[in-house]
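Listed below are the structures to be examined.
After this come two complexes, each holding subunit A, first together with subunit B and then together with subunit C.
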Partner chain A sequence: MLFNSLEFFVFLPLVFFIYWFLTFKSLRVQNVFIVIASYLFYGWWDWRFLSLIAISTVVDYYIGINLYKEKRESKRKLLLWGSLVINIGFLGFFKYYNFFAENFVQAFSFFGNTISSRSLNIILPVGISFYTFQTLSYTIDVYRSKLEPTKDFIGFAAFVAFFPQLVAGPIERASNLLPQLQKRRTFNYKQASGGLKLITWGLFKKVAIADSLAPMVDDIFSNVGTYPSSTLFLGVIFFGFQIYGDFSGYSDIAIGTSKLLGIELMSNFKFPYFSRNIAEFWRRWHISLSTWFRDYIYIPLGGSKSSLKTVIRNILLVFLISGFWHGANWTFIAWGAIHALFFIPLLISGRNRKFLNSFVLMGLNKSTLKEMLGILTTFVVVTLSWVFFRAESLTHAAHYFKKMFFDMSFRVYNHPLGYRMVDYFILLLLFVLYEYVIRKDERNPYKFKSKPLRFILYTLTIFGTILFYDSGVDRSFIYFQF
Partner chain B sequence: MFRFIKNIVVKGFLIFLVLEILVRFFHLYNDMPDWFLADDKTYKRVPGQEGYAVFGNRKQNVSAYRINQSGYNSFREFNPTEEGIEVAILGDSFIEGLHQDYHNSIGKKIEDELKHVHVYEYGHSNFDLADQMFLVQANEEIFSKIDFIIFEFKYFDDLLRAEYSIENRRVVFPLLRYSKLLTYFLDIGLVDSVKKVLRNFNIGQTPRKVDKTDKDSLFLNNFKSLISKYGIDKTKSAFLLNSNDTNVEFLGFLKNNGIPIIDYGDGLKKSCDSPTTLIFDRHWNDNGRNIVAEAIIDFFKRKPIK
Partner chain C sequence: MKKFVKHIVYFLALGLILGEIIARFFFLTSSIPERRIDEFGIQRYIPNQEGYSKGGTHKWYINSKGWPGKLPENYDNLITIIGDSFIENFMNPDSCHQMNFLKELAPEFNFTEASRSGVSFIEALEISKQLDSLKPKVHLIYINETDFEESIVQINSLTDITQLDLKKNKIVYGKMKAPGVKKILYNWKFIFYLYRRFQSSFKLPKPTKSTEITQNSFTNHFDYFEDLIDYCRKNYNLKKVVIVLRPDTDKQFSAFLQRQDLNVIQLDDSRDADWSFEHDHHWTCYGHQKAAEQVSEYLK
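Our next item is the complex of A and B:
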C-alpha cells in the first residue's frame, strides 16, 4: 500500500479510529492491532513476503532473550552470528544473489574461463533492507548489553513490522521505538495535529515535487544521446529534487502517521541541500541510515580513535557499504565512493565536525557569502553524484557525464507530457525558499504564530499537491526498491 | 480527541471551500459544452454555447468553442442551399475539434484553400460510424442539399456496431459535478481506483468493448450492415480514414465496391519528424489537422464537386 494512494487514505482513518476508540484501553490490544494493521499494510503489496518479516521477528525475539540469559561469550557470539546469518542471508539472497552470480561469471570469463550461471527471477521484497537493519540493531544492542531484550513478543512484533516506517524507514533503533510500544499510548492533541501537518507536507513533497519531476527525469536519463548538455544538467538537478522529495516526503508521512498513533520516530532528513559541506550533508540526509552505519560499522571498526590510515579506511568502507546497501549495482558503489572521496579531505583537515548543530544562513554577516558558496559547492557535488545513483550502469553514467561536460550545447527542453516547463521552475523556486524559511525545525513545517498564515499555508500545500498530481505517473517510492 | 476531530472537520471544510474558489477562479477543471439528446434521436451540443474547452491537468489545453444552432462546434451556421457548394464532415471528437480554437478547425483550413466551398463539421465526441450514418438518414432533407458527405472513422473504434441505437449516456457522479473541485479530482484521475471498484458494480460509464476474437470480419460485417441499412450515395460520399490503421481486406472491400476513400495515413506517416497528435492526448494537433485537411483538399482537387 502506498502512502500516496487512495487505499491508504481509507486505511489510515480506519486504523486511527479503531486504534483510539476500540483498542485504547489495553496496551496488548493496541499492539496486537498495530501488528495486524502492519501485516495488512505490507500484505497489500505481496502477502507471501510477510513470512520473511515473521521469521525475522521470531528469530530475533528468541535470540534476544537467549543472548541476555547466556553468559558464555562463545555461545553469545554464536547466537549473534545466527541472527546475522539469517537476516543478512535473506537480504543477500533476495537483493544480491543475481549481482554476485553475474559478477562471478564475468570475472571468470575475464580470465578466459567460461562457467555457466543461472540468474534467478527474484522479486525484491519491499523494504527488506530497512526492516533487516532495524531488527539487526536490536540483536546487536542486546549482544552489546546496551539493551535489555523484551519479553513482550507482540510488542516486539509491532516494533519489527510497525507499518509507518516498515518499508522505507526511518530505520528505528529498538532503544527508541520499543519502549514506546511497551507503554500504553494515550491520545495527545498536539502530537496528532503535528502528525497531520507532517503528512500534508510529506505528501506535497512526494506528489508535487518528486512525482511531477519523475517523467522528465525518466525521459532525460533514457535518452541521453538525444539531448544537449543543458538538458542533461537539468535532468540531474531535477533528479536531485525528485529523490529528496520522494524520500524525505516518505519519511515525513511515516513520522506523521506514527505521531497520529502516539509514537515518535526519529528524524530522517534535516534540509540536506542547505549543507555547507559533505560531512554536514550526511548529518542531514537519511540520518537513520548514516547513524546506523556509524554505530554498527564505523565505531566497531575503530571509529575515529585509530590511526589516520585506519580512520580513512573505515570511512571508505562505510561509504562503499552504504552505497551497496542502496542497490546491487556497481553504480551505487561508485556513488558511495564519490561521497567518500569528498568526505575524506574534510576528515583529514578536521573540518568534518564543523557546522555541528548550527543553522545555515542566520542573517547577513561576514560568513554569509562563504556559507552560500559552501552550500552551492556541496549541492553541485551531491547533484553530480546522483548521476551514478540514477544511471542503469556505469557505462550509462559515463555516457551521461561525457555528454554533459564534453558536448556543450543548449536547447530548450519541452516536457514529455506537454506541461509548461515554467510551472516547474516556479514550483522548485518556491519550494527551496519555503524550505529555507522552515529550516530550523524539520518536524514542524508550519511553525508560524499567525493562525491565518498557517491556514493559508495548509491550503496552498494541498492546492500545490492536487495541481501537480498526475495519475499517469508511477507513484511508488524510489526507496522501496532498496 | 473531540477537539482534534472537530478541527479536522472545520478546517477541512474551510480548505475545501478555498480550494473550490481557487479551482473555479483559475478554471482548472475540465470543461466542455453541454450535450443533449435531440429530436432526431442523436446527441448534440446545446446550441448557442460559447466559451473555452479545458482539458488536462493544469489546463494543458484551452481552446475556444462555439456551438452553432445545429448543435455542433463550428465557426459557421449550417444552412445548406441548392446553389452553394457544401461539404459535410461527420465524425467524432477529432472532427468536433474541442481541442483546438474553432477558428482554426479542419473545416476552416479546407475553406481557406477551396474558396468556394462551405464546410459543415458534424463532429460529436464518441460518434462512431453508426451514429454518423443514422444522423444522415434522420436528417435526409438537410443532407440532400449538401453536395458531398465525408464520414470520418477509425477502424478499431468506430465499427463496433451494426446499427444505430441510442446509447444511454450517464454522467459519472452527477452530484459531485456541482463542485468544480471534485470535478477536477475526477478529471485528473485522483479517484480512479474508486471508479474501478464502482465499475465492478456496474456503476459509471463503461467503454465499448469487442469480445469477439475475429475483429476484422466483425468490422467488415458491421460496415456492410450499416451501408445496407442506411444507404450510401457513392457519387457524393467518401470515407476519411488512416489506411495504415485499417485492415487490408477492408480496404479491398471498399475499393472493389467503388466506395471512395480519403486517406490521410501517408501524410501522417511522412510527418515522422514532427508529432501529429497532442502530447498528452491522442487527438490531432495543428500539424495533424493540417495533414487531414490537406488530404481532403487534395481529394477535391482531384475530383472537383460538380
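Our next item is the complex of A and C:
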C-alpha cells in the first residue's frame, strides 16, 4: 500500500480510530492490532512475502532469547551467525543473486573461460533491505549485551513489522522502538497534531516536488543523446530534488503516521542540501542508514581509533557497502565511491566533525559567505554524484557526463507533457526558501506562532499537493526498489 | 482526543469553504448540464440551460430541444449532426460547433445538432429516428469503434447507455446513473474538482483471466457488429445515414464498415497540425474546422 494512495487514505483513519477507540485499554491488544494492520499494509502489495517477515521475526526472537541465556562465546557466535545467514541470505538471494551470477559469468569470460549462468526471474520484496537491517540491529545489540532481549513476542513482531516504517524506514533501533512498544500508548494531542502536520508536509514533498519532477527527469535520462548539456545539468538537478522530495517525504509521512499512533521514530533527514561539506551531508541524509553503518560496520572495524590507513580503508568500505545496499548495480557502488573520495580528505584534515550540531546560515556575519560557498560546493558534488545513482549502467552514466561536460550547448527545455516550465522553477525556488525558513526543526515544518499564518501554510501545502498531483505519473516511492 | 477531532472537523470545514470559493472564482471545473430521460427513452438535457466551460473562457447553451448549440434559422434542406462529446463540444466556444463551420462551407444546407456525451451508435440512430420528423436530407453520425462496442449488450453491458441486446433483438434504453448524487457533485464545485482530479485513483484494476482477454480482443467483435448492422438495416433508414469516423478510428474497423456498404467518411488529420487539445483528446476549434472541411467535401 502506498502512502500516497487512496487505499492508505481509507486505511489510516480506520487504523487510527480502531487503535484509539477500541484497543486503547490494553498494551497487548494495541500491539496485536499493530501487527494485524502492518501485515495487512504489507500484504496489500504481495501477501506471499509476509512469510519472509514472519520467518525473520520468529528467528530473531528466539535467537535473541537464546543469545541472552547462552554464556559460552562459541555458541553465542554460532547463534549470531545463524541470524546473519538467514537474514542476509534472504536479502542476498532476492536482491543480489542475479547481480553476482551475471558478474561471475562476465569475469570468467574475461579470462577466457565460458560458464553458463541462470538468471532467475526474482521479484524483490518491498522493503527487505530495511526490515532486514532493523532485525539485524536487534540481534547484534543483544549479542553485544547492549540490549536485553524482549520476551514479548507480539511486541517484537510489532517492532519488526511496524507499518509506518516497514517498507522504507527510518531503519529503527530496537533500543528506541521496542521500549515504546512495550508501554501502553495514551493519546497525546500535541503528538498527534504534529503527526498530521508532518504527513501533510511529507505528501507535499512527495506529490508536488518529487512526482511533478519525475516526468522531466525520466525524459532527460532516457534521451541523453538528444539533449544539450544545459538540459542534462537541469535533469540531474531535478533528480536531486526528486529523490530528496521522494525519500524525505516518505520519511516525514512515516514519522507522522507513527506519531498518530503515539510512537516516535528517529529523524531521517535534516535538510541535507544545506550541508557545508560531505561529512555534514551524511549526518543529514538518510540518517538512520548512515548511523546503522557507523554502529554496525565502521565502529566494529576499528572506527576512527585505528591507524590512518585503516580508518581510510574502513571509510571506503562503508561507503562502498552503503552504495551496494541501494541496489545490485555497479552504478550504486560508483556513487558510494565518489562520496568516499570527497569524505576521506575531510577525515585526513580533521574537518569531518566540523559542523556538529550547528545550524546553518544563522544571520549575516563574516562566515556567511564561507558557509554559502560550502553549501554550494557540497550541493554540486552531491548533485553530480546523483548521475551514477539515477543512471541505468556505468556506460549510461559515462555517456551522461561526457555529454554534460564535453558538449557544451544551451537550448530551452520544454516539459515532455507540455506543461509550463516556469511553474516548476517557481515551485522549487519557494520550496528551497521555505526549507531555509524551517531549517532548525525537521520535525515541525509549521513552527510559527501566528495561528492564521499556520492555517494559510497548511492550506497552501494541501492546495499545492492537489494542484501538482498528476494521475499519469508513477506514484511509487523510489526507495521501495531498495 | 475530542479536541483533536474537533480541530480536524473545523479545518476540513474551513478548507471546504475556501476550496469552494477558489473553485468557483477560478472556474476550476466546467459546469455540467442536468439531464432527463425523454418520452422515447433517450437521455437528453433539460432545455434552456447555460453554463461555463473550465477556466471560464466561454459559455455553453442548451437549446429548447434539449441539445447543446443553437437551432437553425429554418429547417429546409436540413442535415442533422449527431454525436457524443465531440459534437456536444462544451470545451470550445459556440462558434466552433460543426454546424457553424458546415453552414459556412455548404450554405445551401441548414444544420442542426443533437449530441450528448456517451452516446452509442445505436442511441445515435434512435435520435436520428426522432429527428426524421424534421425531414432531413442526411444524418451525419460522428463516432469511432468504441461507440459500436458500447452499442451491444453482449460485448459490454452498460446500464447508463442505450444498447442493443442481440439475443433478444431489442433496444435496452439507458438509465440515469445516481442522478441525485450527480446533482450534488456537479453543484459542489470543489468536491467535483477533487473528484475529477483523483478520478483515476479511485479505479482499482480488475484482474483479467487469459480467456477473457481472447474473448475481448477487438477483431472478435466483428461478428457482433455484423448482427448490429443487420438490425439497423431493418429498423432505421441507413441510406440517409453517413457515418463520420474520427481520425483515431481503428483502420480495420473503418475497412469493415466500408465492406458493409454503408456511407462512411473517414476523417484524416495526417496532413494537419494536431486537431486535439494538449491534455484532452477532444478537438480544438481548429480540429472542428478541419473536420468540417472534409465533411463538406463529401456533401458536395
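We adopt the following convention: the second predicted complex is superposed on the first by the 482 of 482 C-alpha atoms of A that agree within 3 Å, B and C clash if a C-alpha of one lies under 4 Å from a C-alpha of the other, contacts with A are read in each partner's own complex, and residues count from 1 in each chain.
Rule of thumb we're sticking to: a residue touches a chain if its C-beta (ideal position, glycine included) is under 8 Å from a C-beta of that chain, and two chains touch if they have at least 3 such contacts.
Keep in mind it's a predicted model, so treat the numbers as computed, not measured.
With subunit A as the common reference for superposition, the partners subunit B and subunit C occupy clashing space.
Legend: residue contacts after superposition of the two complexes on their common chain; A:429 is shown touching neither subunit B nor subunit C.
Looking at the superposed arrangement, the partner reaching more residues of subunit A, out of subunit B and subunit C, is B.
Contact with both subunit B and subunit C is seen for A:459 once the two complexes are overlaid on the shared chain. Within the superposed three-chain model, A:420 lies in touch with subunit B and out of touch with subunit C [touch as defined at top]. When the two complexes are overlaid on their common chain A, residue A:20 makes contact with subunit B and with subunit C alike.
Touch criterion met: A:6 reaches subunit B and subunit C at once.
Shared contact residues of subunit A with subunit B and subunit C: 5-6, 20, 187, 189, 192-193, 196, 417-418, 455, 458-459, 462-463, 466, 469, 471. Every residue of subunit A that touches subunit B in the complex is listed here, in rising order: 5-7, 20, 187, 189, 192-193, 196, 415-420, 423, 455, 458-459, 462-463, 466-472. Taken together, the subunit A residues at the contact with subunit C in this complex read 5-6, 20, 187, 189, 192-193, 196, 417-418, 455, 458-459, 462-463, 466, 469, 471. Considering their complex, residues 1, 3-4, 7-8, 11, 14-15, 18-19, 22, 194, 197-202, 278-279 of subunit C touch subunit A.
Residues 1, 3-4, 7-8, 11, 14-15, 18-19, 22, 28, 56-58, 60, 184-185, 188-194, 278-280 of subunit B are the ones touching subunit A in the complex.
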